[in-house]
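Below, chain A partners chain B and then partners chain C, in two separate complexes.
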Partner chain A sequence: MKKTIFPIITILAIVLLIFLPYFIGAYLLHVLMTIFIYMTLALSWDMMLRTGQLSFGVAGFFGVGAYASIITCSRFGFNPLVSILFAGFFVALIALGLGFAVLKLRDIYFSITTLAITMVFSVIIRNIPKLTGGASGKVIPNVIFNGDSAKTYWLILSLALITILISEMFNRTKIHFAINSIRNDEIIARSSGINIFGYLLFVFIISSALQGIAGAIYTQQYGFVSPETTFSLDFLLLPMAMALVGGIYSTWGSVIGALVLGFASEYLKLIMPYGHLIIYGIMIVLIILFLPKGIYGTTKDKIITHKIEKKSLSE
Partner chain B sequence: MEKTNKSLKKTLIAFIIFLIVVGIWKPLALVYGIQRGGLYSLIGLPLALILGIVGILNLAHGDFLTLGLYIGYIFFNSWSIDPLISMAPLFFILFGLGMVIYSILIRRVLKAGHLNQLLLTFGISMIIIELIKIIWTTRPRSVYTSYASSSVTLGNMSIGMYEFIYPAMAIAVLVILQLFLKKTRLGQAASAVGQNPKGAEIVGINTNVVYLVVFSIAFGIIGVAASVMLPRTPVFPLSGNPYTLKSFALVAMAGLGNLNGILIGGITLGVAEAIVQSIPGYEGWSDVVFFGILIAVILLNAYRRPES
Partner chain C sequence: MVILKTINLVKRFGGLAAVNGVDLDINENEILGIIGPNGAGKTTLVNLISGLIYPTQGEIVFDGINIESKPAYIRTKLGIARTFQLVRPIQGFTAFENIVVGALFGAKENLKQARDSASEICDILELKRRDFPIDKLTVLDLKKVEIGRALASKPKILFLDEVMAGLNSDETWQMIHLVKSLKKRGLTIVVIEHVMGVIKELTDRVIVLESGKIISQGLYENVCKDPKVISAYLGEED
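Our next item is the complex of A and B:
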């Protein structure tokens, strides 16, 4: 019974999301688009975290994807959609190259190196003004779909849905066992014959490419890039906070976290123009201290223990 | 022991040769590099102390520096206290802040694993930045003192004199720290905990007290660094932020627990940065020096060690 209900709910939710632009106003639609972008980043960050590697490179790949898309679009006359796909491939290629060096590192060394790589990306982009517009950035004459917000919404929605699908595939297929065992104990994973580097590289490339595509779509939506805004650490911090609040190591955790924090910060923005992002910092600290499993993880645990108790009582 | 002495001597000789070569080739870059490198070392020392003994990488390091700058700015602006005099109150204010942060937050994640520690300090960093934006907005502020802009003309180059206080302070703090770690009982306990926390606990050292003291002292040094750099630094919500990564680059270069190496590494990187900046047309690339060396050192260390 439960197995038939779940797919129906999913399909209904997707249909509802697809037809949403016909019912809600432009403002709410815009908020949803931003939330879906961050949701993609949060999920892709979490995918890497599931292998036990804490990556601080989200903002870097996001920014490179954004620049790749804008430059191919304005200089080489790519169609915006093609340029978004190109950005994904380009970032995947970079991730492949970097992965060979970076994925041998562990713990804080991996995290710090990815953070440093983000900085290197932004310095490089700032210093080749002929291609990237330097510190002042670059503007393209036309935003994607000429600013048709419904079409942009569908594009972003499909990216978010694809990311959710990939994340669920990671959690349900055989890869799931490999990823979890790498996170829990690398030595055991290796002695069970798991190709640790191979799996890490695979996840790294996929998650980076998703971040690059998210960056490409985001900038195509606004038609503008600059080193300050495109490589802003917000694109790292916000997704991290979202995944943590919802619950790491799960798909629905990031989805819930993105929705909760996305709407909360949108509301705070209205009453607090400066520093409304403080909610993200406070959330990260509180969650780490008191609720390491996040909202989704904690409720799931509660439900499971409740069921077990019920079962043992009835027996 | 002899081996480490030998390698230390080798590094020192290489370091001095490097400085002499740069001094002949680009004397101005050498002076700027030593000044800036002194500042990097001064700011890097507290991070190295916390990472080496408490074992926590404090990603909010640079933001506490910013906070120190703002407190120094208040001292100057409200009560017109000179930044160099407010060094003492700043040391104690940040010392107390370190105690609070350690007792309320850090103590709870000591055993929680590196991921949670990194995320926690990252969250703290974000809270500080946003809090500063709420209280003081993003408008940059600065402190003017007459002595900060004094300069001396040597031949055809003019050198700012104030900045020489950075390497001087770095050396002073380093000497005091080394005396503390080698001569006092608490300091010896701290070094022991840094080398082997479990062993230290077994022989009866109260690691919690050691961590608390080390954390607070490190924060106090951040306060000193803030007051020293205040006369020459614009104060805005992100002014300290880049120093987190730069300090970590120094620690990665020097190796954990090697406080002297912080000074050598800091000045080397400062000089390297100054050389890149002195090449016309390539000023903007100087940041790559730090991050490039950081990445290179981490990778080299990872590959030199056979996989453990």
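Our next item is the complex of A and C:
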């Protein structure tokens, strides 16, 4: 029964999400768009974490994707949608090159290096003003779909759904066994026949490309990039908080985390224009303290433990 | 026929030569025992052959090809499998899933094939609590998971690094039966053990390592009487 209900719920949810722009107002739609962008970042960050690598490079790839899209649009006259795809390929290529260096590193060395790379990206962009507009940034005359928010929403929704699909594929195929083994014990992974570097590179490229595409779509929405705003560490810290609050190593953890923190942040902003960030921060800390595996992870654990206990009793 | 051969194999850790010029021939479908006092270099030898560390010097030839510079994961795919002296199950996976990993990557099977092979291996090993998480398993179960993951990669040669350690005599007998049945399936097996009874019962041939060198080899009965072996073991006791 559970097997038939789940696809039906999924299809209903997707249909509902597609038709949402006809039912809800511009403000709520905008909130959802932001949540879906962050959801994409949270999930893609988590994909890398599942291999055991804590990446601090999310904002970097996000920013490079944003710049790649804006520059190809304004300088080379790319269609915005094409420029978004280009941004994805461009970031994937950069990840491929960087991967050969950073994926040899582990633990804190990997994390710090990815953070440093983010800084390097923004320094490079500041220093080629002819192409990037330098420190003051760059504006394009037209935002994507001429500001049609329903179309933009569908674009962002597609990205989020594709990311969820990829994440589920990572969790249901051979890849799941590879990356879980790598995270748990690289020596066992190697001696079980797993090409560790190959898998790390693959996941690194996919997750970076998703971050790049998210950055591209996000900035196409506003038609503006600047080193400070586009490489803002918010694009790293918020997705991390969302994945942690929802539960790492899973698709639904990041999805739930993005929804909970996304709506909470909007609501807090409304009820207290000043100081909402403090409450927001306290909320994140409390959830992580009391639900160390996140909302989804803790709930799932409880159910599994319950099942095992029942099984042990019947044995 | 020789399936695996090492030629003047050396591994130095700083000044210490843990493996010091080992020439080893392993014949197809034999059970070879490797014994030697603590620190003799037995595990280091297995690490060198399975590719977790690279030799300072020397060659390793498997099935006619030189593998000493190939990465570990390639060697597993070629047919070299090993267990670990301290069991290393993958946390977060069930016993069954641990075995699936070997089949997926070592034997290059798809998910469905790997599940089938894993449940076949669970049957061979008589592993009952296959759907339990690792931390709910007994020592014997964990050893079986360790062997199961290695077997799932469909190896031609299997190295068992002290799989009997920590088992009671009943369980040890079970293991001995198991290893013998694996030989009947055509596998070449190398057992490293401290318990001489096990070596005597299982092996076709024995090699004695001391300070990284082979000091004696041959039938168990003869090796036991070798004065060099006796003094190596007596030397360990004082």
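Note that the second predicted complex is superposed on the first by the 286 of 315 C-alpha atoms of A that agree within 3 Å, B and C clash if a C-alpha of one lies under 4 Å from a C-alpha of the other, contacts with A are read in each partner's own complex, and residues count from 1 in each chain.
Here is the rule we go by: a residue touches a chain if its C-beta (ideal position, glycine included) is under 8 Å from a C-beta of that chain, and two chains touch if they have at least 3 such contacts.
For clarity, every value in this text was computed on a predicted model and none was experimentally measured.
A.B. asks: Tell me the contact category for A:I308 with respect to chain B and chain C: first, second, both or neither.
C.D. replies: Second partner only, chain C.
A.B. asks: Check whether A:I194 is in contact with chain B, with chain C, with both or with neither, and answer first, second, both or neither.
C.D. replies: second
A.B. asks: After lining up the shared chain so the two structures overlap, which partner does A:L29 touch, if you call chain B first and chain C second: first, second, both or neither?
C.D. replies: Neither chain B nor chain C is touched by A:L29.
A.B. asks: Under the stated touch criterion, name the partner, chain B or chain C, that contacts more residues in chain A.
C.D. replies: Greater contact footprint in residues on chain A: B.
A.B. asks: Which of the two partners, first being chain B and second being chain C, lies in contact with A:A116: first, second, both, or neither?
C.D. replies: Touch status of A:A116: first partner only.
A.B. asks: So, A:L81: does it touch chain B (first), chain C (second), both, or neither?
C.D. replies: neither
A.B. asks: In the overlaid three-chain picture, which partner chain does A:F177 touch, first (chain B) or second (chain C), both, or neither?
C.D. replies: second
A.B. asks: Does the superposition put A:L237 against chain B (first), chain C (second), both, or neither?
C.D. replies: first
A.B. asks: Could you look at A:I18 and tell me whether it touches chain B, chain C, both or neither (first, second, both, neither)?
C.D. replies: neither
A.B. asks: Considering only the contact definition stated at the top, list the common interface residues of chain A for chain B and chain C.
C.D. replies: On chain A, the chain B and chain C contacts do not overlap at all.
A.B. asks: Would you mind writing out the residues of chain A in touch with chain C in their complex?
C.D. replies: Of all residues in chain A, those touching chain C are 173-174, 177-178, 180-181, 184-185, 187-196, 308, 311.
A.B. asks: Can you list the chain A residues touching chain B in their complex?
C.D. replies: Checking each residue of chain A against chain B gives 49, 52, 54, 101, 104-105, 107-109, 111-113, 115-117, 119-120, 123-124, 126-127, 237, 240-241, 244, 272, 274-278, 280-285, 288-289, 292.
A.B. asks: Tell me, which parts of chain C touch chain A in their complex?
C.D. replies: For this pair, the touching residues of chain C are 50-52, 71-73, 76-77, 81-82, 84, 88, 90-93, 97, 100-102, 104-108, 110-111, 131-133, 136, 149, 153.
A.B. asks: In the complex formed with chain A, which residues of chain B make contact?
C.D. replies: Those residues of chain B that touch chain A are 57, 105, 108-109, 112, 114-116, 118-120, 122-134, 137-138, 245, 248-249, 252, 284-285, 287-288, 291-292, 294-295, 298-299, 301-303, 307.
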